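So, here's a batch of structures to check.
Across the two complexes that follow, chain A remains constant while its partner is chain B and subsequently chain C.
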Partner chain A sequence: MKHVLEIEELTVTFRTENGDVRPVDDISFAVRPGETVCIVGESGSGKSVTSLAILNLLGKGGEIGPGRIRLAGEQLTEKSGAELRKARGKDAAMIFQEPMTTLNPVLTIGDQLREAIRLHAGLRGKAANAYAAELLREAGIARAEQVLKQYPHSLSGGMRQRVVIAMAIAGKPKLLIADEPTTALDVTVQAQILALLKRLRTDHDTAILLITHDLGVVAEMADRVLVMYAGQIVEETDVFTLFDRPLHPYTRGLMKAVPAISDGPDYRLEAIPGSVPDIGRLPQGCRFHPRCPAAADRCRGEMPTLTPAAPAHLVRCWLAGQSPAS
Partner chain B sequence: MPEPSREATPLLRADQLSTYYPIRRGVWNRTTGYIRAVDGVTLEVYPGETLGLVGESGCGKSTLGRTLLRLEEPHAGRIYYEGDEVTTLTERRLRPYRTHYQMIFQDPYASLNPRMTAGELVAEPLLAHRLAGKGEALRLAHRLLELVGLPRASAGRYPHQFSGGQRQRIGIARALAVTPKLIVCDEPVSALDVSVQAQILHLLQDLQRELDLTYIFIAHGLGAVHYISTRVAVMYLGTIVEIADKRALFASPKHPYTRMLLNASPVSDPRRRGRAILVPEGDVPSASNPPSGCRFHTRCPIAMPRCVAEEPALTGGAHAVACHYPLGGTGEEETHGLVRRETAAR
Partner chain C sequence: MVSFVARRLLVSMPVLLGITVINFFIIKLAPGNPVEMFINPNTPPELIEAKKEMLGLNSPFFVQYWQWLLQLLQGELGYSFSSYAPVAGLIQERIGPTLLLAFSALIAGLLVALPIGIFSAVRHNTKWDYFLTGLSFVGTSLPSFFLALGLLYLFALKLRLLPTGGMQTLNGDGGVLDTLLHLILPVSVLAVVVIGKKIRYVRASMLDVLQQDYLRTARAKGVREFAVTHKHALRNALLPIIAVFGMEIPALLGGSIIIEQIFQWPGIGQLTMQSILSRDYPTLMALNLVAAIVVLTTNLLVDVLYALADPRIKYR
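So, the complex of A and B:
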């Protein structure tokens, strides 16, 4: 299998009182086994909706189409509800920013883990119990037997996220989708959880689709990066190229807008003017042009396409081929 | 930025300040213990500086900020504004000081009345403190909204019509309305989009220069604190464990906790991802029953018997640290047997 996940021309439409909006607009990308792909973006970029669409968790109002999603070689967009539920957990599992959205407050960790194990690993009874403890240890929880008897509220945020990861890996999924998994955590706990995700990748060749707004997390984790803005991919390349030679003015702007800890002299951050556009009121032409320092006439009238600016480096900008916009 | 003068009277001083929250249990709501959110903090804030306050959730940084402004009742200790003790002043006697000490919040949406226009919101503190009549207050509000970079037309609009960054600008304009000397900024950029955070940091910097403001800048993100602060204090379980000039603290942290906090922060450079990451073991202990001696000893890789028995005092002048065995050298080298644990898989 060449790719764990293949997404082709995915569009998600939400119907609202003020007409249809498209939080995800014609997205294509693929994830290889064992690869960590980061989707980086801000509010309204479509990064979370993309992740929900993959497992068909959009709920009422959100419609996929057109577009194709292939998970572990199988077309997901044509599957029934039951088939989908099976694919979730076995082929792909998801972890969210807030672990309590996944955990049931009135069941013990053991109850919930055994349920996940029954569904995705087909084990019951003693075997399920032993596997539950093993999963917790895999997720870095030393006192596994004790934690199995505890309720979610008695655990810290970091411990809860470890439990959710343990549940997610019960079916040995080929792909783990993590939507801002460390955003609600303190930095020392974040470092632990990121290390855990890296270990899953090395030990089990688990592919990870990591959704984040934090360029620091991207630099720590990604093999490849998709930068999203207002529902579209605006840049895609490997992590080193992205940090060495970002081509899209938005990516460049983001990098200069984040304060870095350095012992150099005091400096002034470079702010991106304006704010993230509302997906119901997107500007004409390039969606970034109202905030772009280099915007030209063409950018205001005509939407740029995502095209290769260098080998394996895609960018959606009319000016990217020219001398770097400063 | 003007150099803050250490000889000057501190604009704000806290002496052994503690804020406890009672834990109530049972039918009779009896107090069975206390959460020691802030526990014996002594610090000074000098005119013109920005004191960064960092620490992880539950360390007491926000409670300290609120207690310093007398928005929380201290359990013990004293607070001085420009040399005057204000710890026990009644609300009426505190009033003249209130205008000089203001606060801005993380979520400006939650702190802005949705039924009031931006102009009314900014005029409100002026009216509440009887600093201006209605017409005058609204006129001033228009000027303040312009000062924080909002278009003139925004005075008549309601909070929901603004973006997150713009709402934070309204929050800042409100704080500025009563011409404060010191503003406690509690996570002012944490809820904002990354691309907008820099705008607000710029605004705070520019206002500081133009209006001679002093800030206490509370945040969990070390990047923003490093960027904006003159000095930085690190909190752990209700106490300050280290306080120093920004450069000294980030270049050569002396407390093992500070070192770990810096080390655990993600670095925006993929070529440094292989570096050894050192993190404290386990979870933060409960603030209702903090560990004996040094509060960090349960998670400290170099804790000694003395650390369990004896609470270290915050000492050392300009670079003060509360540790019996402070680290030396730079952040990159191994010192004092501080064990490096490879948690980063390559």
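So, the complex of A and C:
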């Protein structure tokens, strides 16, 4: 199997009172076994919707299609609800942003872990309990037996995220989809959770699709990066090229908006002017042109396509070939 | 938990005492007195006076209350002014049928309202949801005496399937099945009101929970949709549901006053009605005491159930 996950021309439509909107509009990418792919972008860029669409967890109103999602060699977009459910947690598992709200407050950690174990490892009773403790230890929780009997409210945010990760690896998935897994945690805990994810990747050869808006996390984790803007991929390349030679004006704007520790106290942080457009009212032409410092006439009238600017470096910008990164 | 319950029981003592004072006062405020209520109007006034003196009705209000309280503290509820039977015995023989009626209605209400409320919430804003919410509106709006008469007409008079009233067939075998047949109509009437109100509460509580992140986590694990709603969501929606169903117990006891009249159910409701009409003070005070104890116990029970349903609630 060459790819764990292959997404081709995926579109997600939400029906609203003001017409249909497409928070994800015709995106394609693939993840290889053991690879970490990061999706970066501001809030509203469609990165979370993309992550939820893979296992069809969009909820009411969100429709997937057209487009194809292939997970572990199987076409998910053609599966029935029951078949799709079997893939959840088994072929791909998810880790969410808010560890405070992603665990059920009235069930013990053990209840919730054993449920995943029963579904994906087929273990029950004592065997399930032993495996649950083993998973917790693997996720870096020392007093596992004790934690199994506890309820989520008695654990810290970092501990809860470890529990969520333990739950996610119960079915030994080939792909972990992590939607902003460290955003709600403080920095030291963030570093621990990222280290844990890295270890899981090397130990089990698990591929990771990491959704984040934090370029620090990208630099730390990613093999390859997709930059999303207003529902589209605007740049895709490996992590080194992205940081050395970003081509899309949006990517460059994001890089400039990261404060450096060497910046003096009077340094004014550069920000991209404006905000992400409302997906119900997208601008004509390139979706980024109203905020782009280099926008030309062509950008206002015609949507650029995602084209290779260099080997394995895709960019959606008319000017990418002409103006190398400064 | 045990110390919490003990403390709550202790605190409820003065509350109970206060309730009896207020009740006594209100009962005395009602015009007329027991003697005038059941004595031939041609009785000579001195006889009436003698009777009043005998029953202690001429003493000041607080003396009368004090005597009642002293009696109660000795475990004595007194004798009925109208039937001269011991009040404790009257209540004892009638509380059973009332509790049977009220709890049957509560359980029936729970068994119907819970699944319908969940179903309605899961199919939020669909035709099914509108239909069931509309039905619950009808259930709440129907006056129970009207529904009772309608059901009596249909099932007892026209179809002759069910008895018109009472708890057992006269000269019947007095079996469980016979009582069950007699229960169907009054329980249905009481339950319809409960169901109508509670569908809304269950639906609202479930809707609130159905938005929560942890349900998405459960789905992402591959949990079946039925288990997502009935295990993960319902457990969390239970708190407000416990509260509203708990509050229903006193309401059911009150509501059964009318229903017991219509169906000649030999319960507390009938006794209450008779005692009010004859200004039977000792019986009324005892009935009020029972009602107050039911309300206070229900509140305590609800609090205890809270802690059982939600691990985040801990009493110290």
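FYI, the second predicted complex is superposed on the first by the 315 of 326 C-alpha atoms of A that agree within 3 Å, B and C clash if a C-alpha of one lies under 4 Å from a C-alpha of the other, contacts with A are read in each partner's own complex, and residues count from 1 in each chain.
Criterion: a residue touches a chain if its C-beta (ideal position, glycine included) is under 8 Å from a C-beta of that chain, and two chains touch if they have at least 3 such contacts.
Please read all numbers here as calculations on a predicted model, not as lab measurements.
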Put the two structures on top of each other at chain A: do chain B and chain C fit, or clash? fit
Classify the contacts of A:Ala127 with the two partner chains as first (chain B alone), second (chain C alone), both, or neither. neither
With both complexes overlaid on chain A, does A:Ala93 touch chain B (first), chain C (second), both or neither? second
For A:Leu55, is the partner it touches chain B (first), chain C (second), both, or none of the two (neither)? second
Determine, under the contact definition given at the top, whether A:Leu119 touches first (chain B), second (chain C), both, or neither. second
For A:Lys198, decide between first (touching chain B), second (touching chain C), both and neither. first
Quick one: angle from chain B through chain A to chain C, Cα centres, nearest 10°? 80
Give one of first, second, both or neither to describe whether A:Ala222 is in contact with chain B, with chain C, with both, or with none. first
Quick one: is A:Ser156 in contact with chain B, with chain C, with both, or with neither? Answer first, second, both or neither. first
Contacts of A:Ala271 with chain B and chain C, given as first, second, both or neither: first
Please give the least Cα distance, whole angstrom, that chain B and chain C reach in the superposed model. 5
The intersection of the chain A residues contacting chain B with those contacting chain C is none
With touch defined as at the start, can you tell me which chain C residues reach chain A in the complex? 212-214, 216-225, 232, 235-236, 309-312
Please give the residue numbers of chain A that touch chain C in the complex, ascending. 55, 57, 59, 81, 85-90, 93-94, 96, 98, 101-108, 115-116, 119-120, 151, 153, 164, 167, 170-171
Which residues, counting only chain B, touch chain A once they are in their complex? 1, 56-57, 163-166, 193-199, 201-202, 220, 222-224, 226-227, 247, 250-251, 260-273, 277, 279-280, 283-284, 343-345
Residue ranges of chain A touching chain B (in the complex, touch as defined): 42-43, 156-159, 186-192, 194-195, 198-199, 201-202, 213-222, 239-240, 243, 250, 253-255, 257-261, 263, 266, 268-273, 275-276, 291
